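Right, one structure below, let's go through it.
Chain naming follows the written order as A, B, C and D, and within any one chain the residues start at number 1.
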Amino acid sequence: YGKNTIKFLRLHREGKKHFVKEVEVCTHLRLTSAQEYLDGNNSLVIPTDTIKNIVLVLAKKNGIPTLEQFAIDICKHFMTTFSQVVYVKTYVQEVPWQRLHENGVPHIHSFICVPDGIRFCEAEQCRNGPLLVFAGIKDLKLMKTTQSGFEGFYKNEHTTLPERNDRILCGELFCKWSYGECRNFDFDCIWYTNKIRECILEAFSGPPDCGEYSPSYQKTVNRIQMLVLSKVSQVQVIEVILNNIFYDVVDMKNLGLTNDKEVLVPVETPYGSCTCTLGRKKFLEA
Amino acid sequence: YGKNTIKFLRLHREGKKHFVKEVEVCTHLRLTSAQEYLDGNNSLVIPTDTIKNIVLVLAKKNGIPTLEQFAIDICKHFMTTFSQVVYVKTYVQEVPWQRLHENGVPHIHSFICVPDGIRFCEAEQCRNGPLLVFAGIKDLKLMKTTQSGFEGFYKNEHTTLPERNDRILCGELFCKWSYGECRNFDFDCIWYTNKIRECILEAFSGPPDCGEYSPSYQKTVNRIQMLVLSKVSQVQVIEVILNNIFYDVVDMKNLGLTNDKEVLVPVETPYGSCTCTLGRKKFLEA
Amino acid sequence: YGKNTIKFLRLHREGKKHFVKEVEVCTHLRLTSAQEYLDGNNSLVIPTDTIKNIVLVLAKKNGIPTLEQFAIDICKHFMTTFSQVVYVKTYVQEVPWQRLHENGVPHIHSFICVPDGIRFCEAEQCRNGPLLVFAGIKDLKLMKTTQSGFEGFYKNEHTTLPERNDRILCGELFCKWSYGECRNFDFDCIWYTNKIRECILEAFSGPPDCGEYSPSYQKTVNRIQMLVLSKVSQVQVIEVILNNIFYDVVDMKNLGLTNDKEVLVPVETPYGSCTCTLGRKKFLEA
Amino acid sequence: YGKNTIKFLRLHREGKKHFVKEVEVCTHLRLTSAQEYLDGNNSLVIPTDTIKNIVLVLAKKNGIPTLEQFAIDICKHFMTTFSQVVYVKTYVQEVPWQRLHENGVPHIHSFICVPDGIRFCEAEQCRNGPLLVFAGIKDLKLMKTTQSGFEGFYKNEHTTLPERNDRILCGELFCKWSYGECRNFDFDCIWYTNKIRECILEAFSGPPDCGEYSPSYQKTVNRIQMLVLSKVSQVQVIEVILNNIFYDVVDMKNLGLTNDKEVLVPVETPYGSCTCTLGRKKFLEA
């Protein structure tokens, strides 16, 4: 049980310059006993209202240095404060506020919401177990207008899809990676300096002057995973889900026109989806 | 990988009387090899477009006798037709069309959408494993305006929630149960004759003339599970998630009024949630 | 300016039997002067927080006898209390809670949300003008699986739609009617006794044993309007919007099957829409 | 009547460099006669399916030079082709695809969706009337963390809001302006060179080094309008709607902490809203 979508904004001021971190937190607990379910005995139950208070108090006291550190702080607080908690999991996602710029000059206290991919993280811990940390990006919508095809697939009497070597590849990406057991990482450094987001964009799109041919959504997923694992040593495992939006070339023959992939209609339902989890050998063996 | 939200309507006619079943299907597969991810070799990949065609063809050929039977048919088709498939999972949910009535007379071909709980099911199978069948109801929004409280809970310096013995209990229910390994069940009979939905409503609300006191959301979840397990022998395990919407009594003192729980404001975020899975001993031990 | 989506529940008790009315209110005002826009002078501005308080206080004091009466009460309050208000408009919609029944017995305090059409109303008044009252129903999703066609329409080189005399007619209805200037109507009586909702369903679907052929969405819209105007004398004008969802018969020829309108796929975008406003002659001339 | 949410992507290629314009179009018509409503006579009705075809054909033939020009083309086509059309209105909104950049280098065919404000336009024409063109931006979410207050407002017994001279101002903006009667404007030039979007951001936030105090949402709305009218001579009238999200400073006294506006909770419902339409004198008098 737990509390979902605890939304709040943490405002940090350095002189007249303001910094905002607006987040949405979900914290879930499992207790040693199930007596509240069986007997209606609430004596060990930490109300979800108290969970919310604790999240807000920690934000007030510690701030939100990084999303990951904040999720870790919450997990540690519940584990050390409440002996009846046997498992805690915290999810944090960020509202994508960006500082406004006027003619290149950053504004000291004005922000705009730019939802081009949502950053999130997760921390979880079982009593006596390691504290595991995950991070990710979701709702990242990308498109390539060429250098994508799908050929040589399995065919039978139910196959009506034609082979294609030049189609639009468009989809919404969900990427979640594990840092393994919590260590003293500088999570923002990994995010900003190692440029995980840029890795994903680069693996999706290929070189800017020519792109790179994708023979399937699956292969694109794999390229993203390989590039992140090769560039960011702290990442142990990476899961990628690509929900694709297919663009149908409108047949204009009976309208007397030849449509050379100029006018296309997005097919939003049904949509295909592919998921893959890829990890380092050492890590998966452990 | 797979295809999500394959939406279609299956129309069945008996003379002038029409029957509709509109569903949304998601079918996911895992293949023997991951060569399409690693090498871009698509030779074993069944396109998600073909998955869609197969679902529609099965609906045309077999109809949708019950949601569960349809999900089973799909799983069986993939397992028997494609040797490269090692796992298949199919989810089916129903659009809640109900036959219209005029002065009590059922209409032969007119329907109204009544979304007071969405019926769904799931079937899954690993190669050489049993075919498992699940069913459930979701998006069922219920409210009790009394006979609910929350007292005797754990308190510390972060507790601000007062004890209450008369509050509104309101929430959205998700219930999913397992029939275990697929047998020759008459699934609609279980649904309609055993009245699983009525069980859930009854356990939530108690006797119509007085209700039954709920000391917590957790206990209400448990009551639902116990009643379903006791009344429906085919159910092996039942999971219930209750997302609660809290109603806050508006403090009207500074408006010069005493509000005796007459005017309340729903608090939609954050919301509490509790989840519990309960099964029969024999089944869980197996 | 104003306050939108003021959500609250009004609980009314008669002995142990409870009655709930959960609503969402939007109230908008126009003031005599625009000095707050031009000069930043707020001295006449009634804060939207005060608007919210007034709505809650009126609900506490008067209850919600009918949605319409409550909207009228709010408009009258603002007009009589604040001389700087020159126009007020209030919209109220109801959360569709229905009393639960167990084996036909109504429950004294348990309810289920059944969103098969949302009831709403609107009241508006200019200073020195009449108080106008509107009511309506929205999000009402209906379907006929036959007795619908579309033929004899205008054709040119851009027409690809075939003529059809047996298609599915499905759509979401929005109906809003005017009672004209506010009089001492018993609004719930009009709703329940005159059965406006039943009129709409009947006009849409025709007799239960055979239906009635609809040559177009437009004609169905007109039938709804005509029936309501003929049956409910208090209604002066009625506007109907029908957003239609087209069901496409899946072509299964290249899958080796003949699909006799048995498997159909809903086309959610783009969707057609038709709107018509129809009133009584006397009223429109006035 | 008409067709809504006609979604398509127009791909334009210049050598290996690709340009995308994905739009959503709604086109509505009024006909000379209402015989399809009254008599079920469809002979003048242009099917909404034909409307869709025409929109796609025009996109194929003309491309989408600017959103506004495309909306104008559609209106003109219906007016000149169909004598039974007495009114036509077309709305076009753009999916916010932006070209991807890798280390500052623009990618030739890869794009990312960045929904930080949606650009739209509208064109409408009555037979024998002028063709009117509107443009706008919506879903633009902005925040100032200081330099905002609300004081000196009207108070009575229902007022509980305290005066504030330092609060967060956050809201979602909808701006729509009229270019008046259609002339040979270079619409993209107005958009990009006159920087309407930048005007709005600047008027909202004030100078980057200090901001500008806003005494109310209303005054901020007015500032946006004044700046756009002063900087962009082609704009005749501008309507602005600001739906505000209030941030509540969490009271932490009973948690033993002093919260100096560091932790705030967004209040999403109810929300305030203010709307104002401002035009040039000459234009409004005409």
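Here are some notes:
In the analysis below, a residue touches a chain if its C-beta (ideal position, glycine included) is under 8 Å from a C-beta of that chain, and two chains touch if they have at least 3 such contacts.
No experiment lies behind these values; they were computed from the predicted model shown.
Same-residue interface: chain A and chain B share over half of the residue numbers found at their contact. Across A-D and B-D, the chain pair carrying more C-beta contacts is A-D.
Taking the CA centroid of chain C as reference, the farthest chain centroid is that of A. Work out the mean CA point of chain A and of chain D, and you get 29 Å between them. Centroids of chain B and chain D (each the mean of its C-alpha atoms) stand 39 Å apart.
In chain C, the residues that reach two or more other chains under the touch definition are 7, 53, 57, 158, 160, 255, 269. Those residues of chain D lying in contact with chain A across their complex are 7-12, 16, 18, 20, 22, 53, 56-57, 59-61, 97, 100-102, 105-116, 140-147, 168, 198, 201-202, 204-211, 247, 250, 252, 255, 257, 259, 261-266. Against chain C, in their complex, chain A makes its touches with residues 157-158, 160, 254-256, 268-269.
Across the complex, chain D is touched by residues 1-7, 28, 34, 36-38, 40-50, 52-54, 57, 81-82, 84, 150-154, 156, 158-161, 215-219, 221-222, 243, 269-276 of chain C.
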